[in-house]
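Listed below are the structures to be examined.
Note that chain A is present in both complexes that follow, paired respectively with chain B and with chain C.
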Partner chain A sequence: MLSFEPYGNPTYFALLGVALLPLMIGLLYGKRSRLYETLISIFFLILTFGGPKWTQGIALIIYILYEVALTWGYAVYRKQKNSGPVFYLMVILAILPLTIVKVTPAVENGQASLIGFLGISYLTFRAVQTMMETRDGTLKDYNIMTFLQFMLFFPTISSGPIDRYRRFEQDYRTVPSREKYLGMIQKGVRYIFVGFLYKFLLAYYFGTILMPKLQIMAMHSRGGFMDLSWPVLGYMYAYSADLFFDFAGYSLFAVGTSYLMGIETPMNFKQPWRSPNIKDFWNRWHITLSFWFRDFIYMRLVFWFMKHRMFKSPRTTANVTYIINMLVMGFWHGVTWYYITYGLFHGVALVVNDAWLRYKKKHRESVPHNRFTQLFAIFLTANLVCFSFLIFSGFLNTLWFTK
Partner chain B sequence: MDVKETVLSILNDLTGSDVSGAMDDNLFDSGLLDSMGSVQLLLQLQSQLGVNVPVSEFERSEWDTPNKIIAKVESLA
Partner chain C sequence: MAKRLLRIFGPLILAAILVVAVLVSPVTFGFKHVSASEERQAAVSLSPNVLKGKRIKQAALKSDYVPFFGSSEWSRIDPMHPSVLAQKYHRDYRPFLLGARGTQSLTNFFVMQNMQGELRNKKAVFVISPQWFVKDGTRKDAFAFYYSQLQTTEWLSHYRNDAIDRYAAKRLLQMPVAKSDHFLYAALQRVAAGKQLTDNERFYLKTKQNMLTQEDQFFSGINLPSQNLNKVNQQAKKLPTHYDYRQLDQLAGRIGKEQTGNNRFQISDSFYNQGLKQELKTGKLKDFQKNLSYTKSPEFGDFQLVLDQFARLNTNVMFIIPPVNAKWSAYTGLSQSMLRQFDRKIRYQLESQGFHNICDLSDKGNVPYFMTDTIHLGWRGWLAVDQKVDPFLSQPQKQPTYKINDKFYSEKWQQLDPAQLTQYEQETK
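Let's turn to the complex of A and B:
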C-alpha cells in the first residue's frame, strides 16, 4: 500500500493537486462541501498513517478518541462548575500521552513508545489550548465535529503550524468571498513554490550534501580544546541553515495547502534571521509554537505568580518564568541533556536580553544607536541562535561521547 | 476618574513614559509593552476597574495601542 511522508515527494503533491481541485472550484462558487473535505482528509491521513505505519494509525485513532472524551467531558463539566483541581487534572490527563512518548526513549534506551505517532505534540498543543480557553470561558460552544476537524486538519497534522480552535472555526464555518479566495490561491501557490525552493533545494544542499561532509571532517579534527575545530563551526552554520529551510519549507507547504482550502492557517516564520535580539527572534521563529508557549505557559504562570505574590518584584517574576518557559520547551523536544541545555540557554538569553533592554531604555543618551549597531545586533543574535542550534543538534553529544 | 484616565495612568506606570500623546502607536512594536507588561495591565484593570479579562481573551492585535485598549476596556466595563 502507498505510504507517504506529508509533502515528502512529487507524487504526494500530484495527489494533493488532484484532490484539492474540486474543493477549490467549490470555494470559488461559494460552496464548502463538508463531506468532500472529510473524505480527502481521511484519504491523506491514511496515506500518512496507513500501510506499513498502521500501528501509528491505530495509536492516532485511540489518542483522538481519548482527547475528544477529555475536551468534550470538560466542556460539559465547565457549563455547571469551575473547580481549579478538576481543570489541572484534565490538563495533566491531556498531556499524559505526550509525556509518556517523550520520556519513554530516555528510560528505555532510546526505544520509541508504542503509543506515539507523527504529530502527537502538535495535536496535544491544540487539545490543551481548547481546554484552557474552555476554562477561561472564552470558548463557550465546544463542538465535537469542529474539534475533530480542527485536530485532524490534514495539511497541518504532522508538524503544525499550531492553529487555535476559535480562529480555525471561524474560517471553517465561512466561505471566503471570491475576491478574497482568489488572493488566497495566489498566496497559497506562491508559498508552496517558495517551499519547494527551501525544502528540496536549499535544505537538501545544506542537510544532505554539506552536513555529512562537515560531520566527518569535525570527527577527524577532534583532540583540541573541547574537540572544537573549524569544521564544527561549519557544521553549526550548515545545520542551522538546514533546520531553517527544512522547517520553513514544510511550514510553507502546510500554510499554502491550508490557503487553497480556504483556511488561513497562521504563518510559522517571519524573517527570523533579521531579528535584532533574542526576544524578537522568538516573535519570528516557529511563531505558532513560541506564541503557544507565550500565551498558555508564560503569561499564565506570570499571572498566577503575580496574583499570589510569589516574588517581590515583577522583574524576578518575569525572569523566573522565562527560565521555566524555555526549560519546558527544551523538555518538550525530548529528554536529553542537549535539548534541556538548549532550553536553558534560551531562558538565560531572554533574561539577559531583558536586562539589556532595560539598561538601554534608562541610558538612552549614552547608548549609541545607528546602522552599525543595528547590523551588529543582528549579527550577534544570528550567531547566538546558531550556537544554540549546535547544542540542539545533538552533534556535541556525538563529538564528545562517542568513540 | 473615568476609564480613559485610569487606563492611561496604568499605562504610564507600566511603560514609564507618557503615552497620551501617541494614542495610536503600537505599544508592542515600540517595546513599551511585552507579555509581562500585558499581564500587569490585566491585573491592574482587575484591581482598579474591576474588569476581568482572562489571559486567553487577550488577543495582542486587539490590545496594541492606547486607543484600542481604552475601547476594549470600555466595552468590557
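Let's turn to the complex of A and C:
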C-alpha cells in the first residue's frame, strides 16, 4: 500500500498534478464538480492516512464524526436557545480530543496518544471556530456537507493554513471567472515552485546538512557557562532558518494547491524577518494561527475581562491577556517546559513591546527614529525571535539534561 | 486562454523535459573527471555517499588505489593506520577505504557491484569483524543507511540466475529498505524465485540505472568531508622519515601508552571518556557478553556472497581477522574459546575455497597497545597488519585458484556449530 507524507516527494506531486488536471479544465470552463473533488480528496486522504498509518486513519474518521455531531448539534440548538454554559460545554468537548493528544506524551513518558493523527490541531481550530461563529450568530446556515469539505480539504489538512468556514464556503460555492482563475493558476504554480526552493533546497541545507553538525559540535563543547558555546548560537540560526523554510515551504504548497482548486486559502507567511517589532512579527508569521488566537482567544478574553470589570485599566487587561494568549499557544505546542517557556517569552515580549511603543509615542522628540533605528529594530526583533526558537527547539533540554 | 496557459506552464514543461533528458541521456557532460585531490579526500572520507556511489570509486581504483573493505576500524586513524603509512612511505598503492560503522558482508557485497571492472584480476584487502557474526546478522537499519539503489540496479544488470544472485535477492527481500522502490521489489521477487526478468523490468532497471548514474555524476563530489584527510596528514607528521619496523613498533607502543592512561583496559582515553566511563559506572557491562556467540549467524551466508563475488572476478584478496581486546573481554565475559571456534569456522570457509591470504591476528588480543579500544585495531595492531599487507600489495603475487562451494549459502552452514566442522566436512565432500 502506497503511503505518503503530504508534499513529501516527487511522486506525490506527480499524482497531485494528474489528479488536479481534470478539475482545472473543469474550472476553466466554469464547472466545479463536487463529486470529483470529493473523490480526489478521499484518494489523497487515503494516501496520507492509509497503509501503515491506518490507525491514524481510523482515529481521523472517529474524530470527524465526533466533531460533526458537536457542531451540527450546537447549530441546531443555537437556532432555539443561546445559553452560555451550553456553549462552554460544547467548546470544551470539541477541544477534549486535542487536549488528550497533547497531554498524553507528558504523562505517559513521551508515548503518543492512540486517538491522535497528523493535523488534529488544525482540525480542532476549524471546528471550534465554526462553533464560535455559530454562537455569535455570524454563521447561520451550517451545512454538514460543507463542514465536511471544509474540515477534510486535503491540501491543508495536515498543517494548515487555518481557513475560516464562511470564507471557505464562499469560494467553494462559486466558480471563479476564467480571467480570475487564470490568475490563480499563475499564482498557485509560482507558490508551489517557491515552495520547492524553500522546502527541498533551503530547509534541506539548514535542517539536514547544517543542523546535525552544529548539534554534535555544541554537545562536544559543553562545560562552559550554562553549557553555551558558539555552535549553540549557530544551531539557533540554523534551526530558525530550517523552521521557517520548512513550514513556509509547506504552506506555499498548501496554498498553491488550493489556488489550483479554485479556493483562495489565506497565506501563512508574509516576510516575517522584516518585522520591526514582535507584534508585527505575529502579523507576519504563521498568520492564520496567530489571527485565530487573536480572534478567538485574545479578543474574547479582553471582552470577557472588560465585561466583568476584572482589571481597572485597559492596559492591564491587555497585558494579562497577552500572557494568557501566548501561554495557551505554548501549551498547544505540547506540555513540555520549553514550549511553555517559549509561550511565556513571547507573552512578555508583547507586553514589553507595548510599553516601549507607548513610551516612544509620549517622548516622540527625544527618541530618534531614522533608517538606522529601523534597521536596528528589525535586527533586534529577528534575533529575539531566533532566541525564542532556540527555546522552542527543545535543544536546550538536550544540552542541559542529557548525559 | 491558450496563450496565457502556455506562459504559465511553458517554462514548467520545458524544465521537466530538460531534467528528464539529462537524467535519461547517457552523455556525461564532463562531470566524469575526478581530480587527484578529490580522490585523496574520498579515499579516506568514509562518506556514505562515496560508498553508495560509483564515479569516485571507479576513477580512484583505475589509478593506484586499492580497495580496503571493512567497517568501523577504518575511522581509527593513528600514525600506523594503513592510509597514513602508505602516504608517508610513498608506497605504490594507496588504500581506498570502503566501509564504516555498520557495514557488514551484505553491504560490502553490494558495494562491489558497481566496481566489478576495477576488481577483476586485481588485489584487495578485506577486514572481517567477528562482531558481524551475531545471531541476527546485519542490522536492518544499518543496512538501510548504506543501501544504494544504484548498486542494486547494476547488480541486476548482470544477473545470471544462479546461487549467488538468488541468495542475494533473498537476503535483500528480508530488508525493509528493499521496498523503497516497488518495481525493483517486484524484480527482486522474480530473481529470488529463480525466474527471468520480464522485458519491462529490464527496461525499467536500465532507465533507473542510467538516471542514478547521472545523479551520482552530478552530486557525489559535493560536500566531501575533509576532516579525515586532515587527520591522515597530521598523523603522518609523527612518523620518522625512514621506514624501520622495530623503530615504528617502539613508537607505536609509546604512543599507545601515552594515550591510554586513564583506564585499566588499555583503551584510548578519548574513546573511554566518550560514554564508556559513564556506562561502566552502572556496573551493567560486567559479564554482559557472557552468552554472546559469533559462531551461528546468517552473516556466514552473506560472507559467502563476498567470497563468491571475489572468486568470480578473480580478485586476489588479503583477509584480516582482528582480535578482541583481551583485557576488555575478560571484563565483559566474552568467551575466548568461542572466539577460537569462530576463527576455526571462518578459516574453514576461506581456506577450503582457496582463499589462503589470511592475516589472522585473532590470538593477539593480549599484546599491549595492539587495540585502540574494545574491538578496533590501533597502533601496534595496525603495524602488524602492515607487515602482511605491504608485501602483499607491493610485490607480485601468484594468481589464486578458487573452488567456490554453494554449500556455504545453506542454512545448515550458517547455523553449524564449529565443534562439528570435521563431521560436516566429511558429510559434504
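Following the convention adopted for this analysis, the second predicted complex is superposed on the first by the 403 of 403 C-alpha atoms of A that agree within 3 Å, B and C clash if a C-alpha of one lies under 4 Å from a C-alpha of the other, contacts with A are read in each partner's own complex, and residues count from 1 in each chain.
In this text, a residue touches a chain if its C-beta (ideal position, glycine included) is under 8 Å from a C-beta of that chain, and two chains touch if they have at least 3 such contacts.
Just so we're clear, the structure is a prediction, and the values are computed from it rather than from any experiment.
> So in the superposed three-chain picture, is A:K307 touching just chain B, just chain C, both, or none of them (first/second/both/neither)?
first
> Which partner does A:R222 reach: the first (chain B), the second (chain C), both, or neither?
Neither chain B nor chain C is touched by A:R222.
> Kindly classify A:H369 by the partners it touches after superposition: chain B alone (first), chain C alone (second), both, or neither?
neither
> For A:R34, decide between first (touching chain B), second (touching chain C), both and neither.
Neither partner.
> Using the superposition described at the top, determine whether chain B or chain C touches more residues of chain A.
Greater contact footprint in residues on chain A: B.
> Which partner chains sit in contact with A:R274 here, chain B, chain C, both or neither? Use first/second/both/neither.
neither
> Between chain B and chain C, whom does A:I185 touch in the aligned arrangement: first, second, both, or neither?
In the superposed model, A:I185 contacts chain C only, not chain B.
> Identify the partner contact of A:T138: answer first if only chain B is touched, second if only chain C is, both if each is, neither if none is.
A:T138 contacts chain B only, not chain C.
> Regarding the shared-chain residue A:I209, is it in contact with chain B (first), chain C (second), both, or neither?
It touches chain C, and chain B stays clear.
> Is A:R294 in contact with chain B, with chain C, with both, or with neither (first, second, both, neither)?
A:R294: touches chain B, not chain C.
> Can you list the residues of chain A that touch chain B in one structure and chain C in the other?
none
> Along chain B, where are the residues that touch chain A in the complex?
Touch list, chain B to chain A: 16, 31, 34-36, 38-40, 42-43, 54-58.
> Using the touch definition up top, name the residues of chain A that touch chain B in the complex.
Within the complex, chain A contacts chain B at residues 132-133, 136-139, 279, 294-295, 298-300, 302-303, 306-307, 314, 317-318, 357, 361.
> Chain A touches which residues of chain C in the complex?
That would be residues 1, 4-5, 7-9, 12, 223, 278 of chain C.
> Which positions of chain A touch chain C when the two form their complex?
28, 178, 182, 185-186, 189, 193, 209, 403
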